[in-house]
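So that you can tell them apart, the chains are marked A, B, C and D in the order they are listed, and the count of residues begins at 1 in each.
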Amino acid sequence: MDILVTQVFNGLSGGSILLLAALGLALTFGQMGVINMAHGEFMMAGAYTAYVCQQLLGSAGVSLLVSLPIAFLIGGLLGVVLEATLLRRMYHRPLDTLLVTWGVSLILQQLARDLFGTAGVDVAAPAWLSGPVEILGFAFPRSRLFILVLAIVAVVAVTLVLKLTPLGRRIRATVQNRQLAESAGISTRRTDMLTFFIGSGLAGIAGVALTLMGSISSNLGTSYIVDAFLVVIIGGIGQIKGAVIAAFVLGVAQSWIEYSTSASIAKVIVFALVVAFLQFRPQGIFQVRTRSLV
Amino acid sequence: MNTDYLELTGLTVSFDGFVAVDGVNLSVLKGDLRFLIGPNGAGKTTLIDAVSGLVQATGRAEFAGKDLLGLKVHRIARLGVGRTFQTATVFEELTVLQNLDIAAGAGRSPWTLLRKRSGVPAAVEEAMETVGLTALADTQAGILAHGQKQWLEIGMLLVQDARLLMLDEPVAGMSAEEKDETGRLLQRICADRTVVVVEHDMDFMRSFAKSVTVLHAGKVLSEGSVAEVQADPKVQEVYLGPGHHTAEEAAIVLGEGA
Amino acid sequence: MIPTRARRSLLTAALLSVGLVLTACGSRVDDAGGGAAAESCVDTSGDSVKIGFLNSRSGTMAISENTVFDSLQMAADQINATGGVLGKQLTVVAEDGASEPTVFAEKATKLIQSDCVAAVFGGWTSSSRKAMLPVFESNDALLFYPVQYEGLESSKNIFYTGATTNQQIVPALDYLKEQGVTSLFLVGSDYVFPQTANKIIKAYAAANGIEIKGEEYAPLGHTDFSTIVAKVRDAGAGAVFNTLNGDSNVAFFKEYKNLGLTPATMPVLSVSIAEEEVGGIGVDNIVGQPVAWNYYQTIDSPENKKFVEEFKTTYGATKVTSDPMEAAYTSLYLWKGMVEKANSFAVPDIQAAAGGVTFDAPEGKVTVNGDNHHIAKTALIGKIGPDGLIYTDWSSGAPIEPDPYLKTYPWAGSLSG
Amino acid sequence: MTSIFRSRYAVGIGFLVAAVLLFAVAPAVLTTFRLGLLGKYLCYAMVAVGIGLAWGRGGMLTLGQGVFFGIGAYLMAMHLKLADAGPGAVPDFMALISSEGVPWWWEPFRSGTVTIIAILVLPTLLAVLLGQATFRRKVRGAYFAILSQALAAAFAILLIGNPVATGGSTGLNNFKGFFGFSLRDPANRQMLYFIAAAALLVMVLVARQLMVSRFGELLVACRDGEERVRFLGYDPATVKTVAFAVAAMMAGVGGALFVPIVGIISPNDVGVVPSIGLLIGVAIGGRTTLAGPVLGAIAVAWAETSLSEQFPSGWTYVQGLMFMLVVAFLPGGLASLVKWRRTAKADPPPPPAAEKDLTPEPAGGAQA
C-alpha cells in the first residue's frame, strides 16, 4: 500500500514536470507546427532567471515567487525573438524548424556556459517548500506538491485563455484556417507571435519549477526535450487535454517500471510502448479528423 | 466489361457523429459523364473520398464487381479507380514527363524501378498528346499554369489506366477557353470509361454533363438529365429556399435552362 | 551511353584498387615484432620541451575538467618560473577532450604523433582513460591521470596520481564500519566506476557482516530521483554509499532532503563530490554529509597554504581547490621529479626511474610506486561544512600503499580474476 | 533538380577527380594520423550519403542514424574484441567486470563472415521493421523525426546500461587486429583508409543509381505528395522503407569501418547529439544533391577537428550558427548556389519560375 501511494504520487509528480515542459510545446508544435528544439533552453533560461533573482533578492521565498512572472517574460521574449527572426519565414517548412532551433539551442547552451560558468548553480528552496509534509500518514515532498499544483494551474490558465479570451479565439481561428482568419481581419502575424510568447513563457515557468528538483546548468533543457516531445505526440497535435493525459500516463508508467526494473530499462521500455501505441493511434490520443489531403 | 460500372449502396460516412454522407445509392455506367452537384457541405467531395478510400465509410461501393470499402487507398487505385483533388496536386519538383511516368508505373517490377527510364512509354506519349502537354514534357510541373496542372492531373489518370475517374472541381479557376477544352477532353475520355465530376460551375455542368446527381445534406436529392434536374422543385428549393419558383428564377441560379 | 560505360569502368577500378590494397598490406597480428610502435618524435634538442594537457573544455565534463586544466597550467607556470625541467622551459599544447571518449583517443594520438609531446596530463572519466590507454600503449608514450578511479588497472604507460580503491573506497568502508554502520544502500550512476566500486563494496560487506539493502543505478544525467530515493528510504539502511556522478548528485540530494532524510538518520557517503560540486548541489542540501578523498582545501600544511593561496591569486578568490586538481598539480611535479632523476625525457628512462620519486604535495608527502605506477597517499574522510568546504573527520594516519588489484585484501580474492 | 545530372560528363569527371584525390593525392600528402582522420570523415560521409537519400530525396528527417551507425560499429567492435581474445576466450574488458563469460548473443560474431553479413543485414532489417511500423501507419514528418530521435536516445541508454555486454559508457576499444592484420602497422591503417574510400565511392554510385532511376523519381514524388502517390496505386510506405533501409545500411557500413579506423566506439558516438550533428553536413552541402552530403559531411567534420583545436568552445557557436543560417536562409545548401550560378550562366530561368515562390504551397506539398 505504501509503495502504491508513493509510486503513484511519484508518477504524478514526474508527469507534472513533464507536463510543464510539454505544455508550451503543445501550443507551439501542436498548434503552429513549429518543432522548437530550443524549448529546453528556454526552460534553462527560466531556471537561470530563478538563480539570478535569488542572487539579487536573497530571500528564497520571495525570489521564487518573483521569478515566476519574470521567467515567463524572459522565456516569452526569447520565443518572440526566435519567431520573428527565423521561424516566421519557415512556417511552410516545419521539419526545417527542427534543425534551425537545434542550432539555436546549441548557441543558447554555450552562452549559458560562458555567462554562468560550466559548473551547476543552486537555487535554494524556500523554507515552506523544503522537506516533506504528512498527509494521511504518507510523507510527500512539499516541492513536488508545489510543482503539481503549478502544473495544474498552468493547464487551467492556458485552457481558459484559449477558450474565453479574444486572443484565444484568434489563436484557435488561425490554427484552424489561417487564410479564413486573415480574411476575417485577424492579424495572423500577431497571433503567431503571441502564441509563441505564451508557449515559450510556459517553458520559462517550467524552468523555475525545475530548480526545485535538480541541477541548474547549461544542459538542463536537453534532459527534458525528447520526453516533452513524446508527450505532445502521444497527446495528439493541437490538444491540450491530450498532453495532460499523456504526461501523467508517461510519468506513472516511468515511475512504475523504474520501481520494478531500473531507471535505464524503464526509459527504453517507455519508448517501446510509445512506438507500440502509435501503431494503434498514429495521431495520438485525440485525433483531429480532417478531410484535407495531407 | 459490362461490370465496369460504379454502384453505391447505402454509402454512409460520419465524422465524430456528424453524418456527411447519408445512405447514398448511386450507379454510374460506363460511358456516362456524371456530374455531382449540390450546395456546400452536401457531401460531394466526401463521397469521392469514401470511394477512393481516403475516409472510412459503411455500406457498399462496388466497382467492376468488387467492393472498394475497407481497402487501402493504393489497392483501390490498382483496381482502376483514379481521382483528382480540388487543388491540383501534381509533383511540383518533377517534370511533366516524370509525373506521367510515375502515374503509368504502379505495376512496374522492382527491377524496372531501379533502372533509369529509357525513352518515353507509349501510354505516356499518348496521354501527353491527349491533354496537350507534349511540348512541355521536360518542364517542371511546379511552374505550369493552373489549367495545365489540372490537365496534367487528368493525363495522370489516363496513363494510370483508371477506368473510373473521379474529378473534384476540374475547371475551378480556369478561363472560359480552358473550360471548353477541358469539357471536350472529358467528353473524349468518357467514351470507354466511367467518369464522375464534382462541380460548382453550373455553366460547365450544363454544357458537358450527360447526367446529373444532386446531393443535399448527404442524401441524393435528385437525379437525371440536366433538364430534369433543373425542373425538379426539390432542387429549386434547396438552391433558392422554400416556396414556388418560376423557371426563370431557377434558370438564373442553375443556368439558363435548355 | 558513355556515362554508363564510364561508371562501369570506374566501378571496376574501385574494386580493383580494393583488391590491390588488400594484397599489398602490412603485417599480420601474429607476425613477430610486426607493427612495432612508431619511433618517438619528441624533440628535446632546443631549450624547451612540449607537454600536452588533454582535458574536456566543452561538453558535460567541462565543469570538472576545466579546474584540472587550471591547476595543471598553474603548475607548469610555476615550474617554468623556477627554471623549468632539466633547464628546459615547458611549452604546453592544450587539447579539448570534449567529454567524449572517442575525442580523447583522437586528441591523444594527435598530441603524441603530430605535436610530439614528452608527456600528456589529463583525462577525468574512466571512459576517457580507457579510451586513451591503448593509444599510449601502442605509441609507448606517457599519460598522467589525476582522478580517483575504480582500480583493477595498471599500465606501464600511465601514472595514476589519484586514489585507487584501497586508498578511497576501502578506507571509507572502514570508516563506516567504525561508525557502527551495519547495512548499506548503494546508489550510483550507470557506468564503470560505480559498478566496479559496488562490486568491491559488496565483497567487503560480505566479509565484514554488513548487509547490502539495495543497489540502484541511474542513467548518466538522470534527473528524477523520486523513485530511487523512495526505495532508499523504504529500505532503511544504516548509510548510503553514493557513487553518482555530476548533475545527478544535485537531483539526488534535493530529493533526499525533500523526503526528510538527513545525515543524522541516514548519512550518504559520497566519493565523487568535491569542493567545487558543493555549490551546485546547494550547501543546505548536503551539509554534514561525509565524503571520501585524499585532499581537502582545509588541510593545514604549509604546502597546501601556498597551493591554495597561489590558486586563488591566479584564478580568483572565490575559487576552491579540490582533490583532482591537487592530484593534477602533483602529477606535473612528479613527472618533473622522474625526468630529473632519470636525467632524460625518454619514456623508458622515466619508467625506470619512477619508483620512489616523492613530492611534498599539498595533501602531504606522496611516493610513486614503481611497480604499479600509482602513488601512496593518505586517505581522509571529510564532512561538508556550512561554508561549503570539507573538513577532515577521520584520517588513515599514514600514506597507504597503492594496491589497484586489492591483492593484499583477502576478502577481495574474487575481484581481480 | 535534375539539372545537376544533366551534364553527364560532369558526373563522370567529378567521380574520377574524387577517386584520384582519395586514392592517390591524400595518401601521398597526409601523415598517418591525418589520413586516419580523413578515414573517419569518410565514414561520416557514408552516413551522409544515406541521409541525403532518406531526407533530401525522401523527406524522412531521420534523427536516429546514429543507431544504425552504432549497430554496424558495435558488431564490428564485438568481432574485433572476440578475435583479439582468441578462440573461446573472453575479451579483456568483460573479464574485468564480470566472471560470467561471453554473453550468448556475442558468440556468433566470433566468425568474421557472420559479422560482415550481420553488419549489412541487421541495420537494414531494423530500418525495414521501423519503416513498416511507422510509414504504414502514416507516422511521418515531425512525428517520425521525434520518434527516430527518441530511438537514438533509447539506444544510447541501452548501451550505457549494459557495461558487461557493451563496455558501457566507455564503449569498446583497444583493438589489436582487423581480420588478422595488425592495427598498429601503418601499412594496414592505410589499407583501412583505402577500403573506406572505396566503400564510399561505391555508395555514391549506388545513391546516384537510385536517384536517377524511376525509383528516385517516385521517392521525390512520395516526399512532395505522399497521398497523391497512394492514389496512383503505389504504397508509399514501401517506397520510403526502401530508401530508409538503404540509408541504414550505408550508416551501418560507415559505423563498421569507423571502428578499426578510429579504434574506439562509445555511446557518445551514436546518441542524439551525434545523430543530429550528422545532419548539418548534409544540410550545408545540399540535401537533395548527390555530392552535397558527402562534401558537406567531410567539410564539417574537418572544420570541427581543426576549429576545436584552436577554440574549444567556439566550435559550438559555429555549429549552432551553421544550423540556423544554412537551414533558414539556404535550404538547398551550398549546392543551390552552384546550381543557381550554373543555370544563370547557361540559360535564363523561365519567367514563371519567379512566380512559383509567391504562390502558396498546395496542400500536397507540405508534410505536416
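One rule holds for everything that comes next: contacts are C-beta pairs under 8 Å (C-beta built on N, C-alpha and C of every residue); 3 or more make two chains touch, one makes a residue touch a chain.
Bear in mind that the values here come from a model prediction, so they are computed numbers and not experimental data.
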Can you name the chains that touch chain A as well as chain B? D
Most central chain, judged by mean C-alpha position against the global CA mean: D
Just grab the chain with the largest centre-to-centre distance to chain C, centres being mean Cα coordinates. B
Using mean C-alpha positions as chain centres, tell me how far chain A is from chain D in Å, no decimals. 32
Quick one: report the Å distance separating chain B from chain C, using the average Cα coordinate of each chain. 73
Between chain A and chain C, what is the separation of their C-alpha centroids in Å? 37
Hey, what residues on chain A touch two or more of the other chains? 113, 262, 264, 267, 293
Mark out which residues of chain B touch at least two other chains, giving numbers and ranges. 54, 85, 87, 89
Give me the residues of chain D that touch two or more other chains. 157, 160-161, 227-228, 313, 316, 363-365
What residues on chain D touch chain A, complex-wise? 59, 61, 63, 133-134, 137-139, 141-143, 145-147, 149-151, 153-154, 157-158, 160-161, 226-228, 272, 276, 279-280, 283, 313, 316-317, 319-325, 327-328, 331, 360-361, 363-368
Report the residues of chain D in contact with chain B in the complex, numbered from low to high. 1-2, 209-210, 212-215, 217-218, 220-221, 224-225, 227-236, 350, 352-353, 355-356, 362-365
Chain A partner contacts - residues on chain C that touch it in the complex: 60, 62-63, 66, 190, 216-219, 221-224, 226-228, 230-231, 234, 247, 249-251, 254-255, 257-260, 276-277, 279-285
What does chain B use to touch chain D in their complex? 52, 54, 72-74, 77-78, 82-83, 85, 87-95, 98-99, 101-103, 105-108, 112-117, 139-140, 142-145, 156, 160
Can you tell me which positions in chain D touch chain C when the two form their complex? 8-9, 11-12, 15-16, 19, 23, 31-34, 36-37, 40, 93, 95-97, 99, 157, 160-161, 163, 168-171, 173-177, 180-188, 190-191, 194-195, 198, 201-202, 205, 262-266, 268-269, 305, 308-309, 312-313, 315-316
